[in-house]
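Below is a structure I'd like to ask you about.
Order as written gives the chain letters A, B, C and D; numbering starts at 1 within each chain.
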Amino acid sequence: MIDKTVPDAAAAVAGITDGATVMISGFGRAGQPVELIDALIAQGARDLTIVNNNAGNGDAGLAALLAKKRVRRIVCSFPRQSDSWVFDGLYRAGEIELELVPQGNLAERIRAAGAGIGAFFTPTGVGTELADGREHRTIDGREYILEYPIHADFALVSGWKADRWGNVVYRETARNFGPIMTSAATTSIVQVDQIVPLGALDPESIPTPGIFVDRVVAVGERPWLRDDVFVGGVDLEGRPLAAASGAEENR
Amino acid sequence: MTTRIPRAELAARIAADIPEGSYVNLGIGAPTLVANFLPADQEIILHTENGLLGMGPAPAADQVDPDLINAGKQAVTAVAGAAYFHHADSFGMMRGGHLDVCVLGAFQVSERGDLANWSTGEPGAIPAVGGAMDLAIGAKAVYVMTDLLTKTGESKLVAACSYPLTGVGCVTRVYTDHAVFDVTPEGFAVREAFGDNTVASLAELTGLALAGADPTATDAASAASPEED
Amino acid sequence: MIDKTVPDAAAAVAGITDGATVMISGFGRAGQPVELIDALIAQGARDLTIVNNNAGNGDAGLAALLAKKRVRRIVCSFPRQSDSWVFDGLYRAGEIELELVPQGNLAERIRAAGAGIGAFFTPTGVGTELADGREHRTIDGREYILEYPIHADFALVSGWKADRWGNVVYRETARNFGPIMTSAATTSIVQVDQIVPLGALDPESIPTPGIFVDRVVAVGERPWLRDDVFVGGVDLEGRPLAAASGAEENR
Amino acid sequence: MTTRIPRAELAARIAADIPEGSYVNLGIGAPTLVANFLPADQEIILHTENGLLGMGPAPAADQVDPDLINAGKQAVTAVAGAAYFHHADSFGMMRGGHLDVCVLGAFQVSERGDLANWSTGEPGAIPAVGGAMDLAIGAKAVYVMTDLLTKTGESKLVAACSYPLTGVGCVTRVYTDHAVFDVTPEGFAVREAFGDNTVASLAELTGLALAGADPTATDAASAASPEED
């Protein structure tokens, strides 16, 4: 019998070594595997390279991992947020390296790693400083730059439900990087609210088939999602948006 | 002091230019205001690059779902007919040219349609780009929504951007508080001047040679009809 | 109100011009849009380039289009089948051009077109005659060849259900090329068994979001699926497999 | 005449080498027989490249579903825990190295593991490649299942393939009716000789220098454990 479930988050993150490259799913708080990150903090691995869209919000989750100085380098698209004070401090102090990647190139590079693509030509970033040092090529009259896959040793991903084969489904926009990150890591570890029996998931709707998943752990409901107002978000000038209430104003 | 229309009015002006059936991405910040002015009796489908087509308005305060957010990380809803997808698929949609319109903020837009909206290039500033570069090159029509002048009175329409670029030659039209400008092969053309603004007064404010818009010019958003994806 | 539904298959294929490149979904019979192909035959467009995994089975669907000599060129991975006699005859008579592409490169090239990728390096085909004339490059110690996107003017796709916004869901392995072909064509036309009200499809499970679709047409149940035994399939030596009954032997 | 085991026995021999938890693709033709011998009390997940993980056995004749087929276009079923996906995702799975084992037929396999199984290169033959090249390079362990000799008595194990290649240096092991061969840096090594076959008799049949297999060699399929994806 295949059983990829593990009893707790500590068992889920066992074996993550110092110096590992770790992908962490999530866009802001949605889809961020906070329980796995907390377990990784307790586990002690350091000198990590983290791949995430952001660089942490507030003081929990990825921000807490950064605060413990476990991260040497971060690959992301949008580190600066209204509540990214942990990253901001480390960056200004020169205590963390940053590789900034446009969000779509980040996603496509992760997907390329999972799909065995050696490199690809993308139009995103052409003519900008983020294309510096890239190979350029004009194809069919349009200019592109060459981008390479991003592989990881581990992926920490937050899903909604999984079965013991590691099939994972997500909720709404929390899907974000989960399906591609699980495909791009040697060992993929997924936390879910709930483990369901094999056969309970609709086979037509499995964004992450179990072939990409090595360990799944149920963490129950995620209380931190309701901690306070729904923080995160900046306007174009970088001013924090007062979230749950601020969002109201846009109705 | 020349006429400046309020942001909400500008948002309404942009909304009025988006045809029914369009697939639209509204950038974070001011462009999100455009959603408030899309006509309720028309179907315009909003894309948010974090993985949703068919984004609806903000939820009631007691209905906030932390798994359902927009690119600005604000709580949103999904409408009937919505679809969720992962990030590679979402940015494939953008990069593949399937969006009809995106509306973005800007620090600067150049005469040839270059956009600078992600970094002021200040030393010590923490860079963050997000999906800005993907959006800039990813929609059939790229509309910029911005004040014409900075707080210190400098024109955001420029001959060449001094800020780091987001995309090259990608902007279709610029909606400002003073006027609407089309990007044409000959530079900016005034499409509509608000209140007492004139081509001449706008040329003075921007320091640029400006053409009056050709009223026969095709509307870019209409040209980017949903029939073509 | 957005309404991409059209009344019948004839309306669905209107405007397909002579010389167009037309992608046709399906793997064998599964997912093949036979009603749209029949309408295309009636419509009369000729000198077409067809992109499909195969080159027609039996005498119906794609094979019938070929038999009418409407197709100048076909891009596919597996033309030779036990029941591909129509293609076989045209090919041997020099009446059709063939571009043979390994199946995964075919799929990835179609996906690249939909996703705005200019070209990509793939390991599939390296060292084979199908890599002839391709740019080669060694990346991270592995050899790759460069492949370019395949764009189409039209895609004809068979789905299961759709709504008036053009969201499409598929059944089982009939999904095959539908999601990528709808993304790669300027005008994508989808036949489904059934049009459902907006909101009836689960937003977590939409392999083809409506943004990729221009026209949908309901064709009802597909009787040809039950025509006779389930033909198609060859063994390694190219011998026809007697299907429904032959499959029985493998139980 | 040396011992030749029947195809079914060979299929059972291959099945016995596939560890529980493996993700496996069985090529069209003879390799599909392997499925019949996978132990019922173990979970081994079958992939079919037309878009399904968790392929089950053929359906009862009255339960054939034309939308549910395998790569050989035969009717199949799906097991509990199955997942459907589109072709780009399916071949991404293969190309990305996520399959543990694939079993393929062959016209020829060379000493360095080159595989020829898609074309005999005959003039006038209609070429068809399907997923053969993707499978050849896409699994952690590539097993070939074939008769050792052609109908005219020539060895399918060769110093260098004369038929057009499917993949270069991609074969892990060859299961034939006479013996099982590992592909090693030094060429073919006899892993197991059936019946009265010996390394010497096999060397004579193939015309190749053959090593006896190193019994301490790691089993490729076991090494490709499901823990690593």
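The rule we apply is simple: a residue touches a chain if its C-beta (ideal position, glycine included) is under 8 Å from a C-beta of that chain, and two chains touch if they have at least 3 such contacts.
It should be emphasised that the depicted structure is a prediction, and the values quoted were computed from it without experimental measurement.
Each of C-D and A-D has its own count of C-beta contacts, and the greater count is at C-D.
In this assembly, the C-alpha centroid of subunit A lies 27 Å from the C-alpha centroid of subunit B. Between subunit A and subunit D, the centres computed from C-alpha atoms are 36 Å apart. One inter-chain figure worth recording: subunit B and subunit D are separated by 54 Å, centre to centre, where each centre is the mean of the chain's CA atoms. The set of subunit C residues touching two or more other chains comprises 108, 111, 115-117, 122-123, 170-172, 204. With touch defined as above, residues shared between interfaces to two or more other chains in subunit D number as follows: 78, 84-85, 88, 91-92, 94-95, 138.
In summary, the structure contains touching chain pairs A-B, A-C, A-D, B-C, C-D. The residues of subunit D lying in touch with subunit A in their complex are 20-21, 23, 43, 45, 47, 53-54, 78, 80-85, 88, 91-99, 138, 226-229.
The part of subunit C that touches subunit B in the complex is made up of residues 1-2, 111, 113-117, 163, 165, 167, 183, 186-188, 198-199, 201, 203-204, 206, 209-214. Against subunit B, in their complex, subunit A makes its touches with residues 27-31, 53, 77-81, 87-88, 91-92, 98, 100-108, 110-111, 122-130, 160, 170-180, 207, 225-226, 230, 232-237, 241, 243-248, 250-251. Taken together, the subunit B residues at the contact with subunit A in this complex read 27-30, 32-33, 35-36, 48-52, 57-59, 61, 64-70, 72-76, 78, 84-88, 90-92, 94-95, 105, 114, 117, 124, 126-134, 137-138, 164-168. Those residues of subunit A that touch subunit C in the shared complex are 108, 112, 115-123, 137, 139-140, 142, 144, 148, 169-172, 202, 204-205.
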